[in-house]
Structure formats: C-alpha cells, structure tokens
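Here come two complexes built around chain A, the first alongside chain B, the second alongside chain C.
And then the complex of A and B:
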C-alpha cells in the first residue's frame, strides 16, 4: 500500500473519529431530545464515513457495503422510525432529566475515554498489521462506554435508546478496522436488527407515553414504590 | 505553503528596497495594528447584519458600528462622582490590549514580525485578561447596581474559561513544540494530514466555544439583549458615555476580531498570509484574511441563530464541555492515537 495514501487515509479516519467522539459526548450532554436525535444522526454519519475511508483504502467491497447499509439504516431509517413510533411530543420537551449533573457526567466521560484507551492498547499492540485499529478500536470502545453511560444516567426512554445505539455504533466502528471481510449476510443481519430494535423499543416508549403521559422512565421507579 | 523562519527573513533580499528589514518588519507590524483598528468595527457590523438577515430582517448597515463610535466620540462624557481613576482609565486599557495582542499573532504575514517573540499565546491571553480585569473593576467603581452584577458574572465566565484557554495553549504548543503563534501557524500549515489530526479538530471546537464565551455571544450571553438584569458582559459598559463609551465599543469589536484572527490564521486555515515582505504581497493578504473572517462570521451567525441563550448556571456546563474536549485533544496527542 502506498504509504502516502495510507497517511492521508489515517488522517481522514482520525478526523472522522474525532467527530464521532464529539457526537457521542454530545449525546451524553444534550439536554434537548431533538438535539440528541440530530447528534445520533451525525454519529451514524461518521460511522458511515469511516467505513467509506477504510473501504476505499483497503479496497474492500464489504466495507463499502457496510457504509451503504449503515447510511440507510442508522442515518435514515432509525431516526424516522423513532420519530414515527414515539411521536413528535417526545421531541418537543426542552430538557432531559439526568441522574448526574452535566459537568460531572462530562468528567466521567473523560475518565471512560482513558479507560477505553487502556483497555484497547494491548489489543492494538497484538494486531500491528491492521493500520486503522489504533484509531477505530479505541474510538469504538469509547463510544461503547459512552453509550452504556448514557443508558445509565438518562431518565428518558428515547435518550436511553440512543445510548444503546451509540454502543452498537461503537462496536461497529471498532470492528470494521479489524474484520474487513465479514460476510454480507452477517452485515445485513446486524444492520436490520437496529431498525427493528428501534421499532420495538419505540413502540414500548409510545405505550409508556400513553399510560404515564411522558417518557421519563426515571420517575417510574417512584410509581412502583407508591403502588 | 507557508515557510517559517525564526529570523523572519523569508523572502527578504538584503539589497531589496530602500528600507532595512528591521524597519520593514516594524512597518508591517503597524500595518497589522491598522488592519485591526480599522476593520474591527466592520467585522462586528457584518456579523450583526448577517444575524439580522438570517432572522428575516433587513438589519442595520454594516457601517453602523463606525457611526456609533463616531457619535459617541462627538458627545460629552458624563462620569459619576463616585467613580475613581480606574473608571476613566479602563477604556484605554481595554482599547490598547487587543492592539498588543495583534503585534504577537500572524494577522497578515506568515513570517514573524518585529514583536513576534516578545510574547507567546499565554501572553496574548494575559493581555486580553488584563483588559477584562480593568473593565470589571471599572464596572464596580461607579455604584451602579448592574455593573457589579455584570462584573461578577463575567468573572465567573472568566474563571471557567481560563482553564480552557490554558488547555488550548498546551494542546497547540504540544503539536508545534512552541507557544509562539507564528510557530503554531507554521506547524499546522505543513500538510493537510496535520490539519486533519483529531487533536486539531478537538482544539478547534474547544477554541470556538471559548471565542463565543469570551465575546459574550449566544449561547453564553445575548449581545442584542436590552434587559440589564439578564446581561453578563454588556452591563459593564452601561455607565460609559461619550469618549469612554466609544473606546469600550471599539475595544469590544477589536477583541472579537483578534480572537477570530487567532482562530482562522493560527488554527483553522493558516494559509493566505503574506510569505514575503513585498508590500504587494502583504496588501494582497488583506482580502484573503477578510474573506476567511467573513466565512467564520457566517458560521458564528448560524450558531447564534440556531441556539438559545443558556441560563446562567448552565454556562458552567458549556465551558466544562470545552475543557473536556481539550482534555481529549491532549490525550489523543499524548497517546499518539492517530
């Protein structure tokens, strides 16, 4: 492989990874539901962009297909499904409740990023022949942690769902750098799972909204204790 | 591609022209100062006009800040009997500090000018902070109720933004092995690959947030707000009239322009600056830099039009995010991720 092309591709992938991390951080911080949804779209777009960069550089048709499938499922289908199932009222709420304050959440996110690097560093050293592993593996692991953290601290059904998807995107972001030739059936299966999950959880959130007049799942624990 | 030479002799021929390189550099420094002083009100005028246009209004002329400054200069100054020398002195300090900063940064030339090594980016931050400190003192000097409120709020924003400033400086100096703005400019300008580094993008985002906070723009403060109790930075100028008001307004526009110049010339697009001491080259860089500033203003106007002002205690979240983004940038550089 031409070293100059590889250098430019790594720089581009690093740039995309930085936006991927920023979008993940934004999902943790965003107070508005609609803002969270837009950040998720950006997050998915960066996953697509990384697959394109890796696909072109490594000349992998599989990664090209991953990019196309990711674009149609996560950038287009999932947001549409979520808006359709949960209804626009869920997105009009101004502030999403959190267990922790935003500055404290951000600080924990920074710590999680460090943990992600510590966890992935031995793996990166073990696979020196994968040129994008250093960027994608660490960034993907960060997104997995950010997603799990979002699920833990958000008291809002839709926002928690976003956290789940961020985790899934993070796993994909990491895996495309080390598994370039996953069979297309597995790629399609993984991609189709996501909108179905969005549909199922979206419908569940819709029912929660109907029954309780909101999607603040954090307050449901209080309901349970009263009755 | 910009070349960087510590002696500042890029493109200089010893026999060229009738002026010695030292005098040429000094004059070029003065041209940079004139560029800032003359065009700063225009930058604010253009920003205000773009924002009004985005909101579907016609908006004031882009020359309105010049008219306002001229009007203030023509009026008599009224000073409270309670005010001390600090109140009279502060507008001059606020006006002079951005001028000092522009002597240290690559405003028009890619090569370092006469004062380039008199101070680094930390010194630039110090100069701007010094101006802010005196303005805050002056706001508390007159006995007006809103001045001290604005001053204390500005200090709160300042305390939160200073760690971000320092982290941005550390991040960029780690890349360039220097805190001299000209060296940072040259380091970024080396190649596109350097520009695309994740640490670079993260620093850019953090610095953009800092520019917004330091200039009291939305979402931190509303520059067009008229309610004194909701003001942060703008309530500090309420007591000024006549010459003092003119200087304060002019200083505000210069501070905005200096930070935009650092953002566009040092961090985002370190190209388009004069690479030689030929006057034609230096004056040709003027429209290029103004074009870059215009693009930045378009972006800033879109940000301001699409966001709402944050509540006072949410500002800490905004700046905490900027700080953590800087931490990410530093970490990415330290572990050499990309």
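And then the complex of A and C:
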C-alpha cells in the first residue's frame, strides 16, 4: 500500500472520527429532541464515511457494503421509522428535567473517553497490522460508553433509543477497522435487525406516549418493591 | 433440511397466525409439537454422529446445542398449550380482550424462532443477531396487557438488554477478528481451535465485553434489574419462556466461551471470570428473595440465583462441576416454566400476585396450591427433584476440588434462598385466608383454564421423573455437553 495514500486516509479517518465523537457528545447534551435526531443522523453519516474511507483504502468490498447498509438503514430508514412510529410531535419537545447538569455530563463523558482509551490500548498493541485500529477502536469504544451514558442519564424515550443506536454504531465503528470481511449473511442480518429494532422500540415509545401523555420513560417508576 | 425446518416452521406459523386469528392458538400448538419432534430427532442424530451440519455449514448442532434446542422446544410447546385457555381466563378476569391479542401468536412464534436459532446457527455474528431478536420479538409480549406498569417493564427490559447486546456485539466482533486471523471458521469450534494462538488481550477484552453484554440478558448482578419487573408483568406463559430458556440463551453464549478462555496459555485463572460474578449474583439474589412481596417476582429472583449457580459451577472448572452445571441448566428450564405456570394459575385463583395478605391457597384452590408448593420445593432445590441432584453435584465437586471458600459461600447462599423461597410460598399456600378479604373469599373461584392445567401437568412430568431417572440418550447428551464445555475436564 502506498504510504502517502495511507497517511491521507488515516488523516481523513481521524477527521471523521473526531466528528463522530463530537456528534456522540452532542447526543448526550442536546435537550431538543429534533436536535438529538439530527445529531444521530450526523453520527450515522460519519460511520458511513469511515466505512467508505477504510473500504477504499483497504480495497474491501465488504466495507463498501457496510457503508451502503449503514447509509440506508441508519441515515435514512431509522430516522424515518422513528418519526413515523413515535409521531413528529415527539421531536418538537424539549427535555426539561435533566438527571445531570450539562457541565457535569461533559465531565463524565471526558472520564469515559479516558476509560475507552485505557481499555483499548492493550487491544491496539495486540493488533499491530491494522492501520486504522488505533483510531477506530478507541473512537468506537468511546461511542459505546457515550451511548450507554445517554441511556442512563436521559429521561426521554427517544433520547434513550438514540443512545442504544450510538452504542451499536460505536461497536461497528470499532470493528470495521479489524473485521473488514464480515460474512454477507451477517451484514444482511444486521441491516434487517436495526430497522426492526427501531420499529419495535419506536412503537413502544408511542404506546408509552398514548398511555402516559408523554415519552419520559425515565420517570416511570410504578414497579418498585412495595412493603 | 431437518435443522432448517426447525426455524421455518415457527416462521410459517407466525404468518398463519397473522392471517387467521381464530386458528392461531391451535396452529401454534401444532407447530410447537412438530418442532419438539424435530428437536428430538436432531438430538438423537447428534448422539449418533457427534455434530450435525446443514445448509453449507450455516447450521451446526452439537450436543450442548441439541440439549438447549430440546429445552426451548419443550418449554415452547408447553407455553403454547398453556396460552390457549390461560389468556382466555385472563381476558374474562379483565372483562376485555387486549388489543395486543392479535399480535400475541405471531410474536410468540417469531420469539420462539429467534430462540431456536441460537443453538442452530454457526456464525457468531448471526448468533448475536438471534439473541438480539429474542428481545425485539418479546418486547410486546411483555407489554401484552396495555398498562403503564407493563409498558414500564417492557421498556426496562428492552433498554437494559439492548444496552447489553450492544456491548456484547463489540465483544463478539473482537473475537471474530481473533478467530478469523487464526484462519478458522467463525463458529464455536473455530473459536476454541483458534483460542490457543490468539493474543490474550484480544481474547480477554472480547470475552469481558461478551460477559457484561450477555450478562445483562442473563440477569447477572448488577444488570439484573429488568428481570423481576418483566417477569411480574408479562403473561405467565411468556414468563415461563423468558425465565426458563431466554435467560439461559444468553448464559449459553457466556458458557461456550469458557473452553476458549481455558485453552489460552496467556490467561491466568480463567475460572475467576465465572466464579466471582456467579457468586455475587447468587448471593444478591438470595438476599433479594427474602424481601420480595410478589410471588412472580420471587420466581424471577430465583432465576437470577440459578444463573449465578450455573456461572459459579462453570468457574469451579472441574469435569464433575461442569456436569452439575449442565444438569442445573437442564433442570432449571422445565422447573422454572412449571413454577410460572403455577404462579399464573395462582394469580387467577387469588386475584393478585401479592405475597402479603394472600393466605390459604390450598383451601381456596387445592390443585393450584399443590402446584405452587411443589414448584417452590423443586425450584428451591429440595429432594427428590432434579435441581437437588444438580446442586448437590456442584457443591460436592466444589469441595472435592478444594474450592472451599467459593463452595462454602455458594452453600450458604443456596440454603438462604431455599429458606426464603419456602417461607414466602409457604405463607401463601398454608394458613387461613385473611379475614379482611372475606369479600374475595366469598367470590366464586374462577374455573381453572383446562389447557393451563394440562400444560402444568406435562411440565410436572420431567420435574418428577428426572430427579430419579434420566433416559440413557438424555443422560448421554448431558455428559457430552458437559465434556464440550469442560475446560477442567
């Protein structure tokens, strides 16, 4: 592989990874539901971009397929399915009540980024022959942590669902740098799984809205042990 | 073709259930019976040939997979039978048919298909998708009765187990890399073969992510909080599947990683990764059983306890402990489904799931009272039931291996849970009905759902028989499955 091409590709992938991290951070902090949705689309777009960069550089048709699948499922299908199932009114709201303040959320996110770096470091050292592993593994792990944090601290169902998809995108962002030939059947199955998950969880949010008049799933607390 | 049919049938039945709501319950039962028959034939074939392969290696079935397949098929069949009149009785009690009844049988069959796929598919990534689909298809089964409580339970179930699934996905993909790099097929067999040459960091990080991720679905502490909520709100037929075989599906994934971990020379004391979370889970569940106020939640905590026992047994890392572990996994599935069938009927008889205030079930409905009592004795591990044998095997293996601290703690937790379960259920079954509830007592007892009682009876057979006698082919399958996981064997 031409070292200059590789250098340019790594720089490009690094840029994409930076936006990927910032979009993930934005999803943690954005209180407008519409903003959260747009940031999720940006996040998915960056996963697509990274798959394109890696696919072209490593000459992998599988990564090209991952890019196409991600674009059609996460950038297009999932947002449409979500707006259809939960109703567009859900995206005009603002999450008023916050579990953690924004500065404190940023502080914790910074801590999580550090943990992601520490966790992936031994893995990167054990995989010396993959030129994008250092960028993608750490970034992907960060996104997994950011997504989990989003699910934990957001009260809105839509925001929590975005957190789940951020985690999934993180897992794929990390893995495309080391597994660039997932079998076709697994790729197709993953492509089917994501919109189905969006549909079912979206419908669940719609039912919550119908029954409680809101989508603040974080406030549902009927099921506690009563003495 | 045989293995493919096992998946095709529930999918076809799901389609049939969408087309005709009237025949859906009976179609589901017939489908489940056929799947059980095919699972038995496949298991016998596995005993004869060792491993079954089909569809150019897309499907693979070994002894552990065959055993799990049998359990899913059996619990699925009894749950399909139980559902028929149990749901009708629930509707009669509620005074209406929930709108989600239309979706119940299609989702039930898709849920079964996704669970049956777990032991059948070879590729680890596809296996992960099957596990993820079990959550997706069962979400609305948990929220069957459209109430705030059921939706809350379904949301917690989906959010927590999906979070776990995403973490497990990264773990599986890291392991995928390791296996692929070693030039092996990305299956359980490939993983075990590749594990001795894999970089310890790759194997260990992949494993830990899988443990945490699948652990959430298996109900391991501290990711267990969805489990009591989902089990207290879902219909009893769904609880039987969730508790009996769905949690075990996630644990099945964790257990299958042990031989790979044990073979890697760079990973010291791989059993610790099973022993510590296992003991924490059993201990926490034993204490939680003491403070529970709802008998369906009690059985849910007992499931958490059993998942912990199975994980601990894996961590004891001897051939005898692994045999006890497989016995425990096997006995847990049909015993727990029996317990939830009994709990469902008890809810119908008592009109509530609360432990406090509900007394004298034996007098009110002797069949249900006895069923709940026998279920509690069996699940707590009392002799002569199958779980007594498996727990005794595990404890004996632990002490024989010199693991005195771990086995001693396990003994204390098992005894504590035993006392707590019998104390709580004893309170409901025996005694005089509360005089404050005279109005309830005076109300006529609802006629027991016929197929519900029939399913209870069928589920009771293995509970009773397997404590004394295991048919030779089944015993052989259990021994082979234990040897397959036997890092210490």
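Observations
Keep in mind that, in the parts below, the second predicted complex is superposed on the first by the 219 of 227 C-alpha atoms of A that agree within 3 Å, B and C clash if a C-alpha of one lies under 4 Å from a C-alpha of the other, contacts with A are read in each partner's own complex, and residues count from 1 in each chain.
Basically, contacts are C-beta pairs under 8 Å (C-beta built on N, C-alpha and C of every residue); 3 or more make two chains touch, one makes a residue touch a chain.
Quick caveat, the model's predicted, so the values are computed rather than measured.
Overlaying the two complexes via chain A leaves chain B and chain C side by side, clear of any clash. Looking at the superposition, the partner that touches the larger set of chain A residues, chain B or chain C, turns out to be C.
Of the two partner chains placed around the shared chain by superposition, chain B is the only one that A:103 touches, whereas chain C remains out of contact.
After overlaying the two complexes on the shared chain, residue contacts for A:200 are found with chain C alone; chain B is out of touch. Within the superposed three-chain model, A:134 lies in touch with chain B and out of touch with chain C [touch as defined at top]. In the superposition on chain A, no contact is made by A:3 with either chain B or chain C. Here the smallest spacing between CA atoms of chain B and those of chain C, following superposition, is 19 Å.
For chain A in complex with chain B, the residues that touch the partner chain are 7-8, 10-15, 17-19, 21-22, 25, 29, 101-103, 106-107, 109-110, 113-114, 117, 121, 134-135, 138.
By the touch criterion stated above, chain A contacts chain C in their complex at residues 119-120, 122-123, 125-127, 140-141, 144, 147-148, 151, 157, 160, 164, 167-168, 170-172, 174-175, 178-179, 181-183, 185-186, 189-190, 193, 196-197, 200-201, 203-204, 207-208, 211-212, 217, 220-223, 225-227. Within the complex, the chain B residues that touch chain A are 192-194, 196-199, 201-202, 205, 316-317, 320-321, 324-325, 327-328, 331-332, 335, 337-338. Contact residues of chain C toward chain A in the complex are 58, 123, 125-126, 129, 132-133, 136-137, 139-140, 143, 146-149, 151-156, 158-159, 162-163, 166-167, 169-170, 173-174, 176-177, 180, 186, 199-202, 205, 229, 232-233, 291-294, 297.
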